[in-house]
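Order of writing sets the chain letters: A, B and C. Residues in each chain are counted from 1.
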Amino acid sequence: MSAEHHSVVLDPRIAPPFPAAALPILRNSQLRKNVAHATDVIQAKRARLVAEKTDWQELRSAAAAIKNETLAHLDHYLAEFEANCTAAGGHVHWAADAAEARQIILQILRAENATEVIKIKTMTSAEIELNPALEAAGIHAVETDLAELILQLGDDQPSHIVAPALHVNRSQVREIFARRMGRTDLSDDPEALTAAARSYLRKKFLSVDAAISGANFLVAETGAVTIVESEGNGRMCLTLPRTLIALAGIEKVIPRFRDLEVFLQVLARSATGERMNPYSSLWTGVTPGDGPQNFHVVLLDNGRSPILARPVERQTLRCIRCAACQNTCPVYRQTGGHAYGSVYGGPIGAILTPQLMRMEHAQSLPYASSLCAACYEVCPVKINIPEVLIDLRAQVIDQERSKTDRAFDLMYVAMRVANGIFASAARFRLAQRLGRIALWPFTRKDGWIHALPSLGARWTMTRDLRGIPRESFRAWWAARPKVESRSGEKS
Amino acid sequence: MTPAASSRDIILGRIRNAAAADSAPAPDHSAAYIRRGQLHRPACLDLMIERLREYNADVVECGPAEIVSSIEEVLRLSGRHTIVAPPGLPGAWRVPGFTWRIDDSLTYSDIETSDAVVTASFAGVADSGTIVLHHSSAEGRRVLTLLPDWHLCILRASQVVETLPEYFDRCLQPPALATYISGPSATADIEMTRIKGVHGPRFLHVLLVHDEDSSQPQDYRKGDHP
Amino acid sequence: MRASLFITCYNDTLFPETGRAVVRLLERLGVTLDFHPQQTCCGQMHANTGFRAEAFSQAKRFVRLYRDTETVVIPSTSCVAMIRDQYPGLFEELGNEESRKDLLALLPRVLELSEFLIDKLGMDDVGAYFPHRVTYHASCHGLRGLHVGDRPFRLLSKVRGLELVALDNLDRCCGFGGTFSIKNAEVSSAMLSAKLRDMLSTGAEFCTALDNSCLMHLGGALHRQFAAMRTVHMAEILACTESAELPA
């Protein structure tokens, strides 16, 4: 990201809270323009295709239902997948956490004496911080997805689930390719840049003998794995090397092959605004003479299974990583993904990341939302993200309740006081009077407040505030000439 | 070092404990999404062709008696000479005048240095313009349709369905391998500018064979006869 | 026709003129209104910030207060959305059998103002006169929570003299979001500035909505910028007639 490149931290354990992380990004008008443009393009394409699909709402219901069924019997379907994949010649591993997943993958690669590995874009591998571990072990990971390649060469981090480099513009790409590929001959024309990436990667595809992928769907009934993509780098990685490792969150499993008829209709429409991705690939274990003969699946938990235990949060695991929520979110539109301090940003990131962190980190993320529900409206598996956000906020406050220093948290104290006030009309009326008196020094002649101290300053930094009128509505009502109501109730 | 077996137990144990707390009602599968198409056959085929052309696949139509001559013409017009053929491709389709490399453990280099590949297919889905390969011997192993820059795919009208669920109806059993092609390889990763042909064949040609007798009801369950 | 007005805590305190307009409007339409003086807050602010127990205590109070009321009218889409969408979950988690029954019996009787006018009174022409250019802002709670749909448009289209101009990006959030406007003031302001651009480009003199919470945020920025546009709750437009204009 050239001169403006700031070190982006996508580790929820150390990332700054969302409001602080968002601030420098809000000052980056180029990034905001890129994000708005990218999300507008995908949203428009998605809207056109959804309007054309007359059974869109039924497909959403079916997709949600299939995922619910899967989650209700996740142990059964995972075991079924393992049995069928193994019977077809694959090896299935179980990783309880990120460290174990890295360990398993390293072991497999070391057994092959791999010094290089080609990778298909997988957010899951970024979640477990795989690449640094590979590098440390002397294994060079080559990202083959164009966006991931740009990020890798640019020492950058993804800012969107489906279009990870949408915050990077063409001249930035040209500069990165010149610096890291030695291609100083390139213009900033996207065609030329893409052609440069194509020839750079072709050599890798034909020579590197090990690949790492994610998985969009794991089919329990047959042990098959499905990956959808646009560029063809996926097919290269899935077909050419001898060794293939597919890393998949445990929530990626679906019960039957037939279930794909629903998911393959909703995924691409939601993710990229296409009826289907250009390439979707399905393979089962090992097929002699066709594709990798040494195939491994690493099933990753890393904080997912505890999410099943909470009735409201469980729907988080229905996610099929389409990023439609990111594309529609008005908050994400202003900040892009980096502000969320996690590889998962936007609405899904706001609910998934804190939960994967077992609510020990990223507590600001559930508040990074105005609860507008645009995400819920577009989610192909009907995750009620606002409902989950509110429940996570409740979990954060419950943590707060037991903290000894909560008396110093101004917002916490204010909310507790407000609750006491709302408990009685008399107290409420008193609070209205006291509030008016307290704000009187800040209230100008025109009845408006221009500047407030403390928390109030967060409002008045960009907005005026109406001063409290002398007469509240209830005072006006009480002073009205009355007509005694028929029931005898005092009006 | 944690043995993988105990992680399996840990994970499955957590899942079982969590599911025990699940009091949600059983999911409803009766959602009435569209399964059968509404289009008559000619309109369905027209839609397939329209979708293919939308993503710049070249479509030529012919009758069953003209398959060989059509293949010859398309190949001749392409200017391509060295052509990869799956082992099960009908011999007659390997038209004279070209250098055919029949796949019997061809190396990547053999395939990479070829100009083109000709294959059969399993199905077409008109709604999304998708060509489905199940990689039978007439369709070839997956690398054959991946490395060459130019792919001619023979698609019979009787293999074309309108909706994706109808394709699944046709799978008497789930395929072990499948590739679904619904567009040219493309990226929009640089400023959302769509660039075609990143990896995978940049040129897709489809020969649509009108093998259906329009006066007879069709039995579409023809398996993978090319 | 009788109805009980739940004014909402913030309207009562900051926008009493909206309440007065609701009274003028509904009484003009023949509604006998009453007002429970014990009312305070619906609990939305606490629920949305994560203070569930506190929100529940306020919710319980609301249900108790209106248990025997025929119809409750509320000039706030966000408060009605709170009651309709979140009260059931709160009562499920924290309430008992009896309180849940009371809630379920009450829910159909709680109506947002435009719902009351169109669905209960069966009218979209309320006899209003407002000779100004107006644009309508769709608050998210009304749009996606209550699905008010075309009700506000139907009401505005019958106001004599009113020129309605469509707002671009109507379905995009203005950035208020309750405490979000404080906790994430910068992002809230970024969303606000995008919304202001759309509003100002309509050339309208007024921006109206069914919820003063959004309008407090939008109106506060318009005032700060000395913009030639004001915000006004739809009740105040509907309350205006030839002989009763909007107060300055």
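Everything that follows uses one rule, which is that a residue touches a chain if its C-beta (ideal position, glycine included) is under 8 Å from a C-beta of that chain, and two chains touch if they have at least 3 such contacts.
Given the structure is predicted, the values throughout are model-derived calculations rather than measurements.
Visitor: Taking touch as defined above, what minimum step count separates chain B and chain C?
Guide: Steps on the shortest route: 2.
Visitor: With contacts counted as defined, which of the two, A-B or A-C, has more C-beta pairs across the interface?
Guide: A-B
Visitor: Report the chain closest to the protein's overall CA mean, measuring from each chain's own CA mean.
Guide: Chain nearest the centroid of all protein C-alpha atoms: A.
Visitor: Quick one: chain B and chain C, Cα centre-to-centre, how many Å?
Guide: Chain B and chain C have C-alpha centres separated by 54 Å.
Visitor: Just how far, in Å, is the C-alpha centre of chain C from the one of chain A?
Guide: Each chain's C-alpha centroid was found; their separation is 32 Å.
Visitor: Write out the stretch or stretches of chain A touching chain C in their complex.
Guide: 18-19, 22-23, 26, 32, 312, 330-331, 333-335, 366-374, 376-377, 387, 390, 392-398, 411, 415-416, 418-419, 421-425, 428, 432, 435, 448, 450, 455, 458-459, 461-466, 468-469, 471-474, 476-478, 485, 489-491
Visitor: Looking at the complex, which residues from chain C come into contact with chain A?
Guide: Where chain C meets chain A, its residues are 7, 9, 11-20, 23, 32-35, 37-41, 43, 45-52, 54, 57-58, 61, 86, 89, 140, 144-145, 171-173, 175-192, 194, 216-217, 219-221, 223-224.
Visitor: Name, in rising order, each residue of chain A that touches chain B in their complex.
Guide: Touching chain B from chain A are residues 34, 37-38, 41-42, 54-55, 58-59, 61-62, 64-66, 68-69, 71-75, 78-79, 88, 93-96, 100, 103-104, 145-147, 150, 163-166, 168-170, 173, 190-191, 193-194, 197-198, 201-202, 205-206, 219, 221-222, 224, 230-233, 235-236, 238-240, 250, 257-258, 260-262, 264-265, 268, 272, 274-285, 287, 289-291, 299, 301, 305-309, 311, 314.
Visitor: Along chain B, where are the residues that touch chain A in the complex?
Guide: Per the touch definition, chain B meets chain A at residues 1-2, 4, 7-8, 10-12, 14-19, 21-24, 26-29, 31-34, 51, 55, 105, 108, 112, 127-130, 135, 141-143, 146, 164-165, 167-168, 171, 174-193, 195, 197-200.
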